[in-house]
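Mind looking over this structure? Questions follow.
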Amino acid sequence: MGEKKVKNIFVNGAITPAFIADSIAKHSSKTAIGGHSIFMGQVRKDEIAGKFVAAIEYTAYEELALEKMHQIREAIFEKYPLNCMHIYHSLGTVKTGEICLFVFTSSAHRKPAIEACSEVVDRLKAELPIWGKEIFEDETHQWKENT
Amino acid sequence: MGEKKVKNIFVNGAITPAFIADSIAKHSSKTAIGGHSIFMGQVRKDEIAGKFVAAIEYTAYEELALEKMHQIREAIFEKYPLNCMHIYHSLGTVKTGEICLFVFTSSAHRKPAIEACSEVVDRLKAELPIWGKEIFEDETHQWKENT
Amino acid sequence: MIASSQIKNKNIQMEIEIISFGQIAEFIEHQKIDISGITDTETFKQYIENQFPALKGMKYKLALNKNIVQENTAIKNPATIAIMPPFSGG
Amino acid sequence: MIASSQIKNKNIQMEIEIISFGQIAEFIEHQKIDISGITDTETFKQYIENQFPALKGMKYKLALNKNIVQENTAIKNPATIAIMPPFSGG
C-alpha cells in the first residue's frame, strides 16, 4: 500500500448531512459490506465565563496533516479487515450545531468497522496538526484544546 | 424514566440514506452535542454453496422486541451521559446493499457516544426477538444466524 | 397433599395461544389449544416437542405472556406462549 | 576536534523558513531568517524562545521539513521549521 496516493481529507466549511447521505448511498453497490460505523464531530455551543461559542475556525498544517493521515490510514487498514474508510475534516468556519468531522469505516462485520472508526478518531485528534479557534458571539476568541 | 413511552423502532423495508441524513440534520439545533456515533447494518451478498443472497426478509415479535428495546434504552441512558439515542430496524424485505439497521447516539463528548452505540448494537442483536430469512437469487431461503 | 394438588392442577383446563416465529413458524402454526395437564413451561415444552418432534433438535426460547422464560414458570389461564428460534436481527 | 567542528558549524549561514500555527501564529509571523549558529532543533528552540519570550511558557512542537521533531535533530540548509501548539482538530 506504500504507493497509495495521499488523499485529501479537508473540506471548506461545515460537512452537510446531504454530503454524508451521499457518501452512505455510494456503498450500496459494495455488497461485501455488512456493517458501517460513522463518527461525526459537531461544534458545541460551550459557555465559557458567560460567553457562548458561536463557531470554530479551523486551520491546519495541511501537507503534514495529510501525510500523517495517510500513515494512520495505512496502519488502520493493516490492523482491521476493512472494505472502506473515508475521512473528512473541515477547514475555515463551522458554526455551532454544524458538523466538522466525519469518519466512516465499513467492514463485512460490525466489530472491525466500529473499532477502526473509534481508533481513527482518537489518532486523528492526537496526531493531526489541526487547530480550532473558538469564536464567541462577541467576536472574541480562545484556542480550543482537545481533552 | 420508568414512565417513558415505548418507542417504535420498526420501519417497513430498507432504511434510506435520505432518512439518515434527515435524522442527522435534526440534531443541528441540539448544540450541547459534540459527538455523534452511528452504526448501520447493510445486507451482504453472501455466497452459500454457490448461491448468492438477494435479500433478507425480517420478521419480529414486535411487542416483545419494543418492550425489550425500551429496557435496553433505559439501561444505556443510565450508563452513559447521552443527549440522544435513535434506533431503527427494518421489517419485511431488504435487498443486498440496502441498510436494515440504524443506531444513532449523541453526547457532549465522543467516548460515551461511541461506547453506547456499540453496546446498543451488541444488545439489540443478542436480545431482540427479530429474525432474518436470507432469500437467495433462486428464491430458496435459509434462516440467518447471528455470529 | 402434593399429589392431590398435582391431580387438581392436571384437571385444570388451560387455554393456551401458541405463536411461533422464524424457522419454527414454518412448521408450528399460530393456534389456540384447550388442554389439561400443562401447568408450567416445562410441561408445555414436553407437550410441544411431542407434538412437533422437529423442535427437539433445535435451540429455542419461550416467551410466556411477552416475558422471555428464563426458568420453569407456572402457567396461569389463559396464556400466550411464543416459541422463538435464536434471534438474528441487525 | 569537537571544538573546531562546533566553530565550523557555527559559521555556517543557515536559511530557515519559519511557519507557525494556531495561537503561536498570533505572535510569530511567517518569516525567512538568514542566520549562523543554528545547527540543530535544540539551538533553534533557544533562538526562537529568545526572540519570542511568550513561547517559553507554552507547549509546542516543531516540525522540520514536514517531519515532527521527536528528539534533537540536525538542521541542514535550507530548512523549513513549523512551530505548532497542541493540536485541537476533530
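Structure notes:
Every chain is named by a letter (A, B, C and D) in the order it is written, and numbering of its residues begins at 1.
Just so it is clear, a residue touches a chain if its C-beta (ideal position, glycine included) is under 8 Å from a C-beta of that chain, and two chains touch if they have at least 3 such contacts.
The structure displayed is predicted, hence computed values, not measured ones.
Common partners of chain B and chain D, by the touch rule above, are A.
In whole angstrom, the spacing between the mean C-alpha positions of chain A and chain B is 23.
Between chain A and chain C the centroid-to-centroid distance comes to 52 Å (mean Cα coordinates, whole Å). One inter-chain figure worth recording: chain B and chain C are separated by 30 Å, centre to centre, where each centre is the mean of the chain's CA atoms. Of all residues in chain C, those touching 2 or more other chains are 90, listed in ascending order. Listed for chain A are residues 41, 110, 121, each touching two or more other chains. Of all possible chain pairs, those that touch are A-B, A-D, B-C. The touching residues of chain C, counted against chain B in their complex, run 19, 21-23, 25, 63, 66, 68, 82, 84-90.
Chain contact summary for the complex, chain B toward chain C: residues 41, 58-61, 63-65, 67-68, 89, 100-101, 121, 124-133, 143-146.
Contact residues on chain B toward chain A in their complex (touch as defined above): 17-18, 20-22, 24-25, 27-45, 96-99, 106, 108-110, 113-114, 117-118, 121, 147.
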